[in-house]
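First chain written, first letter: the chains are A, B, C and D, and each begins at residue 1.
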Amino acid sequence: RFPLRFGTLRSYSWRQLSALKIAIKPQYFTTHAHSGPPKTMDEILKRTVGPLPTYETKDKSPLPPESNSVEFMHFYRSLDKEQTLEFLDKLSLDFGVDHRNVLELAGKLLETQTRDLATVLQAEDRLRYSLTPRYRQLLSHISRVEGGVKFLVDLRADLIEIISSKASDSPHIRDLSGTLKGLLSEWFSVGLLRLERITWQSPCEILQKISQYEAVHPVRNWTDIKRRVGPYRRCYAFTHSAMPGEPLVVLHVALTQDISSNIQTIVREFATLDTEEDMNKVNAAVFYSISSTQGGLQGVELGNYLIKRVVRELQSEFPHLSQFSSLSPIPGFSAWLQGILSQHRREGRGTGLLSEMEWKEVEAALGMEAGAMTLDSFWKLLTTNEWIRSQSLVRTLEPALMRLCAWYLYGEKRRGYALNPVANFHLQNGATMWRLNWLADTSPRGIANSCGIMVNYRYFLNETSVNSATYLQTKVIAASEQVLNLVSQFHKNSKL
Amino acid sequence: RFPLRFGTLRSYSWRQLSALKIAIKPQYFTTHAHSGPPKTMDEILKRTVGPLPTYETKDKSPLPPESNSVEFMHFYRSLDKEQTLEFLDKLSLDFGVDHRNVLELAGKLLETQTRDLATVLQAEDRLRYSLTPRYRQLLSHISRVEGGVKFLVDLRADLIEIISSKASDSPHIRDLSGTLKGLLSEWFSVGLLRLERITWQSPCEILQKISQYEAVHPVRNWTDIKRRVGPYRRCYAFTHSAMPGEPLVVLHVALTQDISSNIQTIVREFATLDTEEDMNKVNAAVFYSISSTQGGLQGVELGNYLIKRVVRELQSEFPHLSQFSSLSPIPGFSAWLQGILSQHRREGRGTGLLSEMEWKEVEAALGMEAGAMTLDSFWKLLTTNEWIRSQSLVRTLEPALMRLCAWYLYGEKRRGYALNPVANFHLQNGATMWRLNWLADTSPRGIANSCGIMVNYRYFLNETSVNSATYLQTKVIAASEQVLNLVSQFHKNSKL
Amino acid sequence: RFPLRFGTLRSYSWRQLSALKIAIKPQYFTTHAHSGPPKTMDEILKRTVGPLPTYETKDKSPLPPESNSVEFMHFYRSLDKEQTLEFLDKLSLDFGVDHRNVLELAGKLLETQTRDLATVLQAEDRLRYSLTPRYRQLLSHISRVEGGVKFLVDLRADLIEIISSKASDSPHIRDLSGTLKGLLSEWFSVGLLRLERITWQSPCEILQKISQYEAVHPVRNWTDIKRRVGPYRRCYAFTHSAMPGEPLVVLHVALTQDISSNIQTIVREFATLDTEEDMNKVNAAVFYSISSTQGGLQGVELGNYLIKRVVRELQSEFPHLSQFSSLSPIPGFSAWLQGILSQHRREGRGTGLLSEMEWKEVEAALGMEAGAMTLDSFWKLLTTNEWIRSQSLVRTLEPALMRLCAWYLYGEKRRGYALNPVANFHLQNGATMWRLNWLADTSPRGIANSCGIMVNYRYFLNETSVNSATYLQTKVIAASEQVLNLVSQFHKNSKL
Amino acid sequence: RFPLRFGTLRSYSWRQLSALKIAIKPQYFTTHAHSGPPKTMDEILKRTVGPLPTYETKDKSPLPPESNSVEFMHFYRSLDKEQTLEFLDKLSLDFGVDHRNVLELAGKLLETQTRDLATVLQAEDRLRYSLTPRYRQLLSHISRVEGGVKFLVDLRADLIEIISSKASDSPHIRDLSGTLKGLLSEWFSVGLLRLERITWQSPCEILQKISQYEAVHPVRNWTDIKRRVGPYRRCYAFTHSAMPGEPLVVLHVALTQDISSNIQTIVREFATLDTEEDMNKVNAAVFYSISSTQGGLQGVELGNYLIKRVVRELQSEFPHLSQFSSLSPIPGFSAWLQGILSQHRREGRGTGLLSEMEWKEVEAALGMEAGAMTLDSFWKLLTTNEWIRSQSLVRTLEPALMRLCAWYLYGEKRRGYALNPVANFHLQNGATMWRLNWLADTSPRGIANSCGIMVNYRYFLNETSVNSATYLQTKVIAASEQVLNLVSQFHKNSKL
C-alpha cells in the first residue's frame, strides 16, 4: 500500500538497537515499570507527551521523569514502518499547536494595536508561546537522556524519508520536521562542534565509520583508508559531545603541488615512500570528498563551516599555502544528458547537442557509416566506458561533452540556483566554478555519472564572502574564463 | 545618575579582555579592518545586526562574515556602564520584532479560521517566524565564534543586573533577556554538559576557580580546598564544551556515617589520616554546598540536574549507599526575624515570638531584671555571637528559635512557593524538608544569617519525582515529623 | 657461502628506515657532519665506541655527543647481511673486555686474601669494573637517543639470528648478545611496562600491529580482529615508554562459561548479539593466544608477568571469576610423531605406537585389508585432514593419539624440562597440565601441527608459586588425573 | 650513641606510609600471612633475600613471590633510625658477594691465560657473575612491585645520609649504595624519562610539589607559582613512568629580552598584563632555577640532560632564540670569605683581601676613624644587609667583592674541579663562566650567601661539547673576558 523505502531506517537498525540497550538502564524503570499489557500508541503518547504548561507557569513546571523519554524512545524503536508513520502522524497532529488558543491570542494582539509597547510585547510573547507545539517539550527532554540526541537525529531522518518518499503529505508532519530541525540547529551550532583530525592513530571505530560513510570515492580496503590519512593527505571531521565517536561531516583533503585535475592521482595511483611531508611540495589543498553522515541533519549547515575551519587549520600548519580548491564529482550530468536525448528522440528529431561535423566524426571513429548512428546508440556509447579506450573517440567527444557539462553546471537552474547540488553547495560557500577537467574520473562510476568529467570549485579566500552573498541574493554564479568560454561554446554549437 | 552596581561586569573584566585577545585574530579583519574614525553605536548596530531574511528566503540567506560577530563583541566590551545600557536599549528596541508585520500576519491568520489545516499551519508558521526578533540571528552567529558563548553568558548577566537594579524597566530589555535565555537553555541543555569530578589531580586553574566560586562556605586556603577534594569528600562540576575550563555549577559532597547535623565537622574540624576510603564508613552523602558560577545562566536549570547525576554517580561507586541529603544554610532567617521585631516595635507592642516564660528565662540567663529586656536588646543579643558562649542562653533560646525557623522555612511563602530560595530549590527538586539542626553553623556568618541553624533537605530517591510534581503543582511542602512538630509548636507559642 | 636467513632483519627494514628518519635530525650533525669520503668500519667503530674511562674517572667522564650514537645507528643500518656480521664481529672482539687488565686485577685480588674487608671490596670492585666490555657504554648511550631502545632490540634480534643460524659461533658474539640482554632486562623490567587493554577504540595502528603479530591463530580480516576485542573477549598488551605504539607481548583472552575445549568456538564460530557482557555468563578466562613481538627481547621475561597482571585485572573486573586457563596449541607433536615413525621405518620394524587391535581398526576404517597399511601410509593419513571427515577413523584414532600426545607433553624432555616450548612456558609460570582436548583445532594448521589436539594449562592461583618453584627446581610437572591417566595408558599400550 | 640526622627519612615518612598502603594489597598475603610472632631482622633477611642461583641455573630460577618484596619493604619501613642502620649493615655484609667464590674463580681465570678465547670469556663471565652481590636480585624484584622504584630511591637516600653523616663507614654499605646507583642509573636512563611542561593547567598535586621542591628561590605563595608557569616563563620537569606524578628534576626558565643580570626582575618585580607572549620580546632563555627532588638519585645524571632537552624544546618553539644562560646563585662564597677572614684573624695579621686604599674607603663610608675597623666588624658588615642601603658602601665594596668572588668560582678547586658545586655542574655541562653580576640578589638570603652576587653560566650551543670534554679531562675552565679580568684584578690586589 505505502511505498516507503525507508532506506536509512533499515541501515542503522542495528546501531539503534545497541544505542537503545545503553540508554535503557534499570534505574529508569523503578517507578514506571513496563508491566501489564502492551500499551497502545494513544496511551503511550498521552502519557509521555505532557500538556504544555500555561504561560504563567511555564518556568515552574516540574521536569517529567527521564523514564518518560526512555519509554517513548523504546516504544518508537519497536515500531515497524507502517506503525512509524501512523505514530508520527498522531504525534504531529494531536500533540502540536493548540490552534484555537493561537487564534484567540492573535485576536487579543490585534486589540493591543493602540496600546503601549509593554502591552504589545506581552501580547506578542503570549502569542509566541502559544505557537509552541506541545511535542516540543518532549523533544527537549529526550535530548537530555543518554543517546537522546542521536535518537532525535534518526527520528528526523525518518521524517525526511517519509516526506521525500511522499508516504505522507500531511502538513503537520512537515511542521514536526521543521520544529526538530530548529532544535537540532541549536544543538549542532558550530560553537558546540569539535574539529578532529583523523589519522592512523585514531580509534579503529572512527576509521571504520569514515570508510563506510565515504560516498564520493568509496574506500576499498584498509590500505586505502590508511593512505587517505597518511602523508600528503588530511581527513577532518566534526564531532559533537552528545554523539561521541560519531563523525558528523567528513572532509578529505589532498596536499598537492598543483590543483589536481583528476581523482586517480589522489585515490588510486598515489603512493609515497615519504613518511614525513616535504613542506615545499605542498602548494595546494584539494578537497576531494565531503560527506555528511547524518541524514537527520539535513538543512543544518555543517559542511560549509567544516571547510572554513579546515582552511584555517591548514593555513596555520602551512603558512605559505594559498591555493584551495575542491575536486568535485558532477552527479546528474549523465542523467541530464540522457533526459535531453530521450526528449529529442520522443520529439522525433535529431539531436543538436553535437554539431553535424562532430556527429560525423563520432560515426567515423566508431567505424560506422555516415548517418548510421541513432540517438539510442549514441547514448549507449556514452554510458559504457568503451569509448574511453578509443583515443579517437576520446578526442572527438571532448569538446562537445565539456561544453554540455559546463552548461549543465552553469546554466541549469532550480528556483534560480544551480541545479547540480554539489555546485550549489560550493557556490553558496562562496567558491568560484573554476575548471572542468576532462578524463578526471575514469572509473566506471565516473564515466556513468558524468562522462568522466570532474570540476574544481576554487576558494579564493578574499572573495568567498562576497561571492556567497552575491550568489545567494542575486543568484549570479562566479565562474572562471575557462568555464565561461565553454558556456559560450555551448551557445554556439549546441541546441537543447 | 544611574545607580548600576554592575558587580559582575567589573569582576570579569580581565577575563573578558583576555578572552577577547584570543577571539580577535588578524584573519577576521582582512576585509573589515578597524580603520577610519571610530564608529557610533548606530553605525555598529546597523552593520552587525543584519535584517531578518524574508520568510521565503530564510533558509537561503548568506552567513554573515565572522568579523561581524567579532566586531560586535569588541565594541560591546569597550563600553562603560552607561554606554552599555544605552547600547542594549537601542539593540532591543530598534532591532527586535517588526510589530507591524506581526499584526498583519496575525490578521491573516484570523482569516484562515475556516480554511484547511495546511493553510492554517502555513499561516501559523509565518506568524511564528515574524515573532523572531531581528537580533536573534546575531546572537546565534556570535555563539559560533570562539569565546562567543561565554560572551553571551556575560551579556545576559549584564541584562539581569540592569533589570534587577532597576537601571531600566523597559519591556524590550526584558524581551532580549528572555530571548537570550531561550537560546542559552538550548545550548546548555543537559545532554551537552559534561560531569567532571574535581580532584587534587585536576588542573590548578580549575581548583582555583572552584575556590573562588564557593560562596556557601568560603574556602580559606589551599589546604582547605585540598581537603574538600580529598578522602571522604567529592566535588563535581558541570562543564560545557563551548566554555572549556569553566565549571558552571559545582556540588560539594561529604561522605559520612550519618547525615551530618552541623557544618563544622565537614569543613573545619575534619581531618583524616586515611588515604583510602573505608567503604564501610560511607553510609550517607551530604551535599553541603552547591554554587552556580555564571550569573548569566539564571533560570537555566543546572543544579537540579547536577544533583541527580551525582546521585547516580555515587550509587554506582557505593552500591549500598542509601542516604542522600543536603546540609543547607538558611539565608534570610535572621533578616526575617529582625523584620518581625522591627514591626512589633513600630507597632509599639511587645513581641509574641517568645512565650512570657521564655522571655523571662532569657532575662534571667542574661542576669537582667524581669522586664528589663527591650526588643532592641533582644535583637542585638541574637545577631552577635555572644549568646553562643552562654550555655544557659543556648538552652533557653533553642525551642523558640527552632520553631520560628521551622515556620520561616515551611510557612513563609512567595507566590505560594517557599520564600527561602534554598528551600525552594530543593523542594522543586523533590527533596523533603527533613531536619532542622541547632548549633549547626557556629561561625560568625552562620550566627548572623540564621542564628546558627541549618537544615537538611533529604532526597528519598523513590519519592523525589512525586514530591517535585506535588510541590510545583499544589505548592504543598513535603516535611518530616520533626519539622511539622516544630511548626505546630510555633502555632501554639508564637504570634507574629 | 654464509647461509644467513636474517628473516627479522628484512621484515622490519621499512620500519627501521622510518625510525631512522625520525632519529637523524639536522641538529645532531652540526659538529660531526657526514662529509668527506665514506668511512670504513674500523674508523666508525674507533670513533663511536669510546675507550672505557679509568676506574678513578668513571664518574667524571664527559658524555659523548649524541651524534656518536646516531652515526653508529645510521652506519649499522646501511650494512647488508655480510657486512653486518663482519661489523658485529669486530665490535664484539675488538671493543670488548680488556683481558690483560682483567688478569692483572684478578691477580691483585688474590693478593688481598689476607687483608681487611675494605681492601677486598675495593679490589673486587676494580675487578668488576674491568670486566665491563668497552662497548657497553655505547649501548647505554644509544638507549638515550630517540628510537635508540628500539634499535638495540633490533640489534639483539640480529645477534640471535646470527647465533641460531650458526652464521657465527664466535664466543664474543654471544658475549655481546648477553651484555645486551642484561641491559634490555633492566630497561624492560616490569615496573617500567604499561598494561594496555586493546579495544575497538584503540588506535588503528595498534590494532593493525596486533593483527600482524598474532601468530597462534592468524587474524583473517578486520571483522575478525574486531570480534577479538569485542564483547566476551579481552586483548591486553605490555607497552614501554621508550617504544611508543609498539605492543611487546600480547595476550588474547576469551571470557566463557566453562573452560573451552576447542578453539573454533572462540575464533571462528563465535558471534554474539550482545553489546554488553552478561556478568553471569563469565565464569572462566581462557588465554587462547600469547605472542611476543620482539625477537630481540628473547630471554627477557614478559609473558609470565603479562599473564599475572591480566589475572589481577580480570579479578578486579569480575570478582567472582575463578577459573583461569590457557587453551594452547601443541606445536611439534606431529613432527615428533613423524620422527618416531621414520625411525621405526628405518629400523625396519612395525610400530608399537598403536596396539595391534588399534592398527587393525584403522585399516578397517580405511577399508583396507588387514596388514595393508604401511607406516608411510599411516603417516600420510595423519597429516592430511582426510581422517577428520571419517567418523570411524576419528573414533578409532582418538585413544592412541591422545595418549601419545600426553606422553609427548609430559614425558619428552630437554635438559630435564618439558621439550614442548609452550608447555615449558606455562609450567614455569606455575600452571598445571590440565586437560588434553580431542578435535580442539580442526583447521588444516591444527591437524598438521598436532593432529587437532590442544591442551589447557590451568592456573590454580593459590598453587602457581609452589608449582613454579617445584618445576624449576625439581623438574616435576604438575598434571591432572586426566593427563596422568593418558600417560599411564601410553605406558601400557605404546612402545616408542 | 649514633648521631644520624636522617633528615630525608623523616620528611617523607607520611608519603612512605601512603605508598605502602597502596602497595600492600590483600592478595599478596594469601600464602605468606603476617601471622605469628614478629620476625627478627635475620629471619626477614634470610627469607626475603634468596640465595643467588648457580651460574648454570641463573636463567632457570623461579621468580620469588611478590610478597617477598612487599614484606621486605613493609619491614624496612617499620624500622626506626638505629634499626635501619643495623638492618642495612646486615643486608650489605651478610648478603653481598661470596668472596671465597670470587677468589676461587679469579684463580681459575688466571689458569686460563694460555687457553683459547672461548675458555677465557667463559671464565670471565663466571667471575663476573660471582661478583654480583646476593642482594642485587632482591633489589631488581622490588623494582617490579608497585611503588618499588620509589622505595629504592628512598632507600638509597637513607644510604647516602648514613654515609655522609658518617653514621657508618663500613665499605659494604658503600658497596650497597653503589650497586643501587648502578641499577637506578639504568632505570632512570634518559630514554625512559618524559619531559613535561608544567603550566597552570597541570594537576594541582604537581604544582604543589614543584613549589615545595623549589630550593633556589623559594616559592612564597600560589600567586608566585602561578607567575612562574605563566607568560614569559617556562617550567619543565622530567618524570618517570615508575613514579607517576613525581617530578624528578625541575628547571625554571625566564624568557627575556637580554640575559638577566639579577633575580629580582624575574621572581619578584615581574608582572605582565600580556596573556600571550610577544615572540619579538623573547631573545634569551635564562635558567634561573634547577632542582633535583630525589636525594636517592644522587650521581644519576638528570639535570644535564634536562637542560639539553629544554634547549631543544625552546629552539623548536622560538626558532630565532639564540641566547641561553643560567642565572645562578653562588652558595658558599660568603662562607669561604668568612673562612679566610677567620684564618687571617687567627694568624693575627691584617687582611690583604682589600687593598689599603679600599680598607680606608670602607672606614670612611662607615664614618669610622682610619684604622678603627677590625676583621670582625668587617665580617659583620658583610653578612648583614646593612651595607646594601648605603650607596657609598655599595660603590666601595663592589670591586673587591667581585674580584674575590671571581677567584672563588674560578680559582678554588676540589680534586682539580671547581669547588663551587653549581659552577662545577654547569662547567661539566659545557657552559662558559660568563658574567658576574653585582647586586643580583639583594634578598637577605642572597646577601648572606654570596654578598648579593650571582653568576651567569652561558651555554654557547656549538661549544658545549668541546667545553665539557675539556673541563672533565683537563680541568680547564671556559671563562669570559669579564671573569678573567676579575681574576687578574684579584691577583693584583688581594692576598689570601
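The rule is short, and it goes like this: contacts are C-beta pairs under 8 Å (C-beta built on N, C-alpha and C of every residue); 3 or more make two chains touch, one makes a residue touch a chain.
Values in this document were obtained by computation on a predicted structure and should not be read as measured data.
Q: Looking at CA centres, what chain is most distant from subunit A?
A: For subunit A, the chain whose C-alpha mean is farthest off is D.
Q: On C-alpha atoms alone, could you tell me the rotation angle mapping subunit C onto subunit D? Nearest 5 degrees is fine.
A: Rotating subunit C by 180 degrees superposes it on subunit D.
Q: As a quick test, compute the distance in whole Å between the mean CA positions of subunit A and subunit B.
A: 41
Q: Taking each chain's centre as the mean position of its Cα atoms, how many Å separate subunit A from subunit C?
A: It comes to 52 Å between the two C-alpha centres.
Q: So the centre of each chain is just the mean of its C-alpha atoms; given that, what is the distance between subunit B and subunit C in Å?
A: Comparing mean C-alpha positions, subunit C is 63 Å from subunit B.
Q: For subunit A, give me the residues that contact two or more of the other chains.
A: As it turns out, subunit A has no residue touching two or more other chains.
Q: Where do chains touch, given as pairs?
A: A-B, A-C, B-D, C-D
Q: Which residues, counting only subunit C, touch subunit D once they are in their complex?
A: 27, 30-31, 59-63, 65, 97, 99, 102-103, 106-107, 109-110, 113, 117-118, 120-122, 124-125, 127-128, 131, 140, 143-145, 148-149, 171-172, 175, 178, 183, 186-187, 189-192, 194, 241-242, 299, 301, 304-305, 312, 315, 417, 428, 462, 465, 468-469, 471-473
Q: Quick one: in the complex, what on subunit A touches subunit C?
A: 18, 21-22, 200-205, 207-208, 222, 226, 245, 275-276
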